[in-house]
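Letters A, B and C mark the chains in the order given here, with residues in each chain numbered from 1 onward.
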Amino acid sequence: MKGDVGTKKWGIGRIGMYLFLTVISLFSLFPFYWMFVMSTSHSSAYNSIPPAMVPGDQLKENFQKVLDMIPFFQSMFNTLIVCLTVTIVVLFISSLAGFAFSKLKFPGKNILFFAILFTIIIPPQLGLIPQYLLVAKAGLLDNLFAAMVLFFLNPLGIFLMRQYVTESVPEELIEAARLDGCSIFRIYRSIVLPIILPAFATLGIIVFTSVWGEFLWQFTVLRDPESYTIQVALASLNNTFKVDFGMLLSGVFWATIPLLIVFLLFNKLFISSIAEGSVK
Amino acid sequence: MVSLDEKQQKGRRKGFSSQDMKEMLSGYLYISPFFIIFAIIGLYPAIFSLILAFQKWNGMGEMEFVGLSNFQVILSDPLFWKSVYNTVILGLMGTAPQLVIGLIIAFLLNLSYLRFKAFFRVTIFMPYITSMVAVALVFSVFFSNNETALVNYIIGLFGFDPVSWKTSEWGAKIAISTMVFWRWLGYNTIIYLAGMQSIPNELYEASRIDGASIFQQLRYITIPLLKPFILLTVFFSTVGAMQLFTEPTVFLGNTAFARDEAMTVVMYLYRDAFKLSSFGTASAAAIVLLFFIVVASAVNMLLTKRLGRDRREA
Amino acid sequence: MKFKKLLIASLSILVLLFVAACSDSSSDDSGKTADGEEKITLNFWMFGATGYEELVKEYEKQNENIKIKIKTSETADHHNNLFTALSAGSGAPDIAALELDQLDRFRDAQDRFVNLYDMGANDIKGEYLDWKWEIAENDNGEFLMGLPTDIGPKGLYYRLDVFEEAGLPTSPEEVSELIATPEDFKKAAIQIKEKTGKPMVASMEMMYRAQLDALEESYFDKDGNLLLEESDNGVKEAYDLAIDMNELGLVGNYAMWSAEWANGVDDGDFAVELGAAWFKGWMESNAPEATGEFSIATLPTEYSGNWGGSYISIPKETKHAEEAYEFVKWLVSPENQLNSFKSNGLFPSAPAVYDMPEFTEASDEYFGGQSTQTVFAQSAQKIGKVYKGKDYTSVHDEILAALVNSQAGADPEKEWTEAIERIKTKLDR
C-alpha cells in the first residue's frame, strides 16, 4: 500500500472518515430500503404509523399485480433502448465537441462555447408544448426516437469532455501527431479517445441514469402503452385515490434493479479506468 | 503557447494554411452535431417562448399582442418575488451543501488506502438512481405534518415540537432542501471523482512525505487543481437550483401550486401555464428567470474563482 | 482497436435508431377482421380506477371491427397531456375522459371537441340526471361537450362507535332524521365533542365543502363575475362556517388523502365524513381496519352537493367520430353504468339504474351490509344545478390555503382578504 507516512493506521482521523462515509451511506440507502420494505408489504403498510421497517411477505404477489397492470418487460426494453442510444450518441457528440473546443483552433470558438450555456436556459416545462408540436408534426408520436431526441442535447457532456481533454491530453502529444501528418480525426480516435475513456464512464453513468429517470417528456410523446418507457408505465399505476402502494413500490423497486446492475457494470469500468488514469 | 511559437518559427505564410483550414473545418464539423440538434429541437421552443412572452395566450385560442404587460404583471406580483426568494433559499440550503460535502466525499473516495470504495460509491449514487415516484412517497411519509411522522418522531426525542413540514415556511424549505441534497449529492460526487483522476498521485505522495495531513492535501492540492471541475459543478448546480421544480412538486403533492412556502420560480410559471392557462405570463417569467440564472451563475463562478486563488496564495 | 469499438458503437446506434423508427408506426388502422372489413382503432384516454378495461373488452367482442386502446394516467397528468395535445392541434385521442373540476379548463377549446348534439346526443338526454347533463353543455345549450359517466352525490359517513358514545342514535334512518338541518348538524357536533372529545369533521376542507359543494353559484356567477366580494355570497358563509366550527373545536387537522387521515379513519378519531359516493373506494383501500365501523345517512339539503364525477368527450381530431360516439354511448348507457357501479363503485348518473334490482339489492360489506347506494341515490336526485366557472380550481386552492392557515392560528378575516387579493392577481392574467 502506498505510503501512510504521517497518518496513524487507525487513528481518530481514519475512524472519523469511515464513520462519516457510513452515515452518508445509510442516509442515502434508507429510502431505497423503505421502498423495498413497501414492495414486499400490503398497501396499507404505507399508512402505518410508525412507518414499516421490516420487509413483509407480499414480494411475489405485489410484483404479479404489477405485471398484470402494465407491460413491465416491454417498458423495460423500451427504456433500455432509449437510454443506451442516448448515452452512445451523447458520448460521441460530447467527446467530438469537447475535443474540438479544447484542442482545435477555429474562429468564434469561445463565443460558440458560451452559446452552449444558453441552450439549457428554457425550463423544460415551458418548452413542452412547442417541442411536442414539432414531434407531433414530424409524425413521431409514440415513437421511441421522439423520446430520445430531446436528450441528445447535453451541454454538461460537452463541458465535461472539454475539461477532461484539456487536463489530461498533453499538448505535446497532439503537436507531435500533427507534425507526423495525422488527420484530425486520427488524432481524435487514436490519441484523445483512449485517454478520456474514464470520463466516458462518468458521463455514461450520468446520462444513462438521468434518461432512465425522465418522466415528463416521455409521458407526453409516448402514449401507446406498448411504447412506454418504464417511468411512464409505473406512473399509470398511480391513482389519486385508490393507489395500491405495495404494487406501485414493487414496480418501482424492480424497475430500479436493472439500473443498479448497469451502474455496477459502469462502476467496474470506472474502477479499472481510475487505475489507468491516475498513475501517470 | 509552445505550438504557436513553433509554427511561427517555421515561418508559415500569413493567413490560413491548408493545415489550419482543415483544422478549422474539423472544428466546426465536430461541434456541429450539438448545434444542429439544438437548432432542430431547442431553438424553436426558445424563439417561441420569446415571442410568447409578449402575447396573451391561453393555449388554445388566438394570441394577442400585449407588449410588456406580461412582464408588468409578473414583476408586480408578490408571489413571483416570493418564489424567487424561495428558490434562492432552497438553492442555498439544498444545493450549496452538496458541492462542499460532495467534494469531501469524492476526496475520501479517491484516497488510495480507503477500503470498501466500491460499496460507498454505489450507495452514495443510489439516491440518484431511485425513481422519483418512490422518492416522493418516501419523503412525503417521513416528513408529513403529523406528530407521528418519522422525522417529527426523531426530533421529538430531542425535545422539539413537531413541525408542519408541508405547510410551514421553514419546515417546507428544510424538508425539500433535504430531499434535494439527498438526491443530488451522489451526482456531484461522481463528477468530482472524475475530475480527481486527472490529478497525479505523485503530488499527493510528495506532500505526504513532507508530512501533509489529509486536510492540507485537500486544500492545497485537490481543490486548486480541481477548480475547473468545481466551476463546472457550480455552474450546472446553480442552473439546476434556479430551475428547481420536481422535488417540491412531488413532495407537496396537490398543495404544490396552491401554497407559497415552497413555490419556486419554475413552479410559478408552470402554474401560470398549466393551471391558469396563461402562457404569456409564464413565458415572461421564464425570461426574467433567465436573467436571474445568468446573474447567479456569473456571481457563483466569480466567487469560486476567487476562492481558489486565495487558497493558493495561502 | 478503439476505432473498432467506435465503429461498432456507431453501427449499433444506427441499428437502434432504425429499429426504433420502425417500431410502432402502426398505431392505427391495422389489420382486417374475418369479414375483410377494415379494423378501426380508437384511442381512449382516461384516468382513475374505472374498470372500463373490462367493458372495452366486451365491446370489442361485440364489435369485431373496433379495437380500443386504453391509456390510463393519473388525473392531473391526464388532463395536462390532453391539454398539450389539443393545444398543439395534434396527437389527441379519439376519446377522452374529463373530470368535473377540469372540464372548465377545456371549455375555451370547445372548437376542438365534437359537439355531441351533432351526433344525436339529444336522443339520450332524458336518460340522465338534468343537473349532471347540463354542466357539459355550453351557455346557450347548443353544444354538448361530453356524456356523463359517474357522479359524486354526498352522504354523511358517520362512525358508529363515536355516535354511540355520544349518546346519539346509530341507525341510518334515525341519523338521517336527527341531522336534517345545518343546525342539527352543529348540535350533534357539539354533543359529540362534549361526550367523546372528538372532533366532528376531519379537516377544514371537508367542513368548508359541506356547504360549498351545494351552492348553485359559488365563486363565479353565470356571467363569469367573481362573487367573492359580494356582501352575501355563499362562499363566505361556507368559509365562516368552517372557521366557526373550528373555533368550537369541532374540526380536526388531518390533511386530506394523507396517511394520518387514513389512520384517523381506522381509529375512529373523528365522527363523520361528508363524502361523495366514490369516497368509500378510498376508505376501502386505505382504511381497511374500519370495516363495519361506518354507516351512511343522508345529509341536510343545504349540504347535499355533488363532489366529482366525470364525462367522456370526443376530441375533434378523431377520424372516427361516429364509431367513437357509438362506443361512448354504449359505455355510459344505464346497463353499463350498473356494471361500472358493481365493479368499481362508480355512482351512476342515469336514474334508471336506481330502480334496477341489482342496484337496489347491492349491499356494502365495508358498511356492515348497508345498502349505501340508496342513500346516495336519494341525494343524487336532490342536487340542483351548479355553475363552477373556468377558474374554479384556482380560486378554490386559495381559499383552502386560507382555511388551513386560519386553523393554524392566523386571523381568518385577514386570510380571507389576502386570499381575495391573490385570486384577483391570478385572474387578471
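Just so it is clear, a contact is a pair of C-beta atoms (placed from the backbone, for glycine too) under 8 Å apart; a residue touches a chain by one contact, two chains touch by 3 or more.
Note that this is a predicted model, so its numbers are computed, not measured.
Peer 1: For this structure, which two chains share the highest number of contact pairs?
Peer 2: A-B
Peer 1: Of all chains present, which has the mean Cα position farthest from that of chain B?
Peer 2: If we average the C-alpha coordinates per chain, C ends up farthest from chain B.
Peer 1: Express in whole angstrom the distance between the two chain centres, defined as the mean CA positions of chain A and chain C.
Peer 2: Inter-chain centre distance comes to 38 Å.
Peer 1: In whole angstrom, how far does the Cα centroid of chain A sit from the Cα centroid of chain B?
Peer 2: 15
Peer 1: Take the average of all CA coordinates in chain B, do the same for chain C, and state the distance between these two points in whole angstrom.
Peer 2: Each chain reduced to its C-alpha mean, chain B and chain C end up 38 Å apart.
Peer 1: Going by the touch rule set out above, which residues of chain C reach two or more other chains?
Peer 2: As it turns out, chain C has residues touching two or more other chains at 87, 257, 259-260.
Peer 1: Taking each residue of chain B in turn, which ones touch at least two of the other chains?
Peer 2: If we look for residues of chain B contacting two or more partner chains, we find 59, 141, 146, 148.
Peer 1: Residue numbers in chain A touching 2 or more other chains?
Peer 2: Only 46, 49, 92, 129, 235, 238 qualify.
Peer 1: Can you list the residues on chain A that touch chain C in the complex?
Peer 2: By the definition above, chain A touches chain C via 43-44, 46-49, 81, 84-85, 88-89, 92, 128-129, 132-133, 136-137, 141-145, 148, 189-190, 193-194, 219-220, 223-227, 235-236, 238-244.
Peer 1: Hey, which residues of chain B end up touching chain C in the complex?
Peer 2: Those residues of chain B that touch chain C are 56, 58-61, 73, 77, 79, 141, 144-146, 148, 164, 166-167, 253-255, 257-260, 272, 274-278, 280-281.
Peer 1: Which stretch or stretches of chain B touch chain A in the complex?
Peer 2: Checking each residue of chain B against chain A gives 1-3, 6, 19-20, 22-24, 26-28, 30-31, 33-35, 37-38, 40-42, 44-46, 48-49, 59, 101, 105, 108-109, 112-114, 117-135, 137-139, 141-142, 146, 148-150, 153, 182, 185-187, 190-191, 193-195, 197-202, 205, 208-209, 211-214, 228-229, 232, 235-236, 239, 243, 245, 266, 269-270, 273, 279, 282-283, 286, 289-290, 293, 297.
Peer 1: Mind pulling up the chain A residues that touch chain B in the complex?
Peer 2: Where chain A meets chain B, its residues are 1-7, 13, 17, 20-21, 24-25, 27-29, 31-32, 34-35, 38, 46, 49-51, 92-94, 96-97, 99-101, 104-107, 109, 112, 115-117, 119-123, 125-127, 129-131, 134, 149-150, 152-153, 156, 158-160, 163-164, 166-168, 171-172, 174-175, 178, 183-185, 188, 198-199, 201-203, 205-206, 209, 212-213, 215, 231, 234-235, 238, 245, 248-249, 252-253, 255-256, 259-260, 263-264, 267, 270-271, 273-274, 277-280.
Peer 1: Name, in rising order, each residue of chain C that touches chain A in their complex.
Peer 2: 2-3, 6, 9-10, 12-13, 16-17, 19-21, 23-25, 27, 43, 45, 47-49, 69-77, 81, 84-85, 87-91, 93, 257, 259-260, 262-263, 266, 278, 281-282, 285-289
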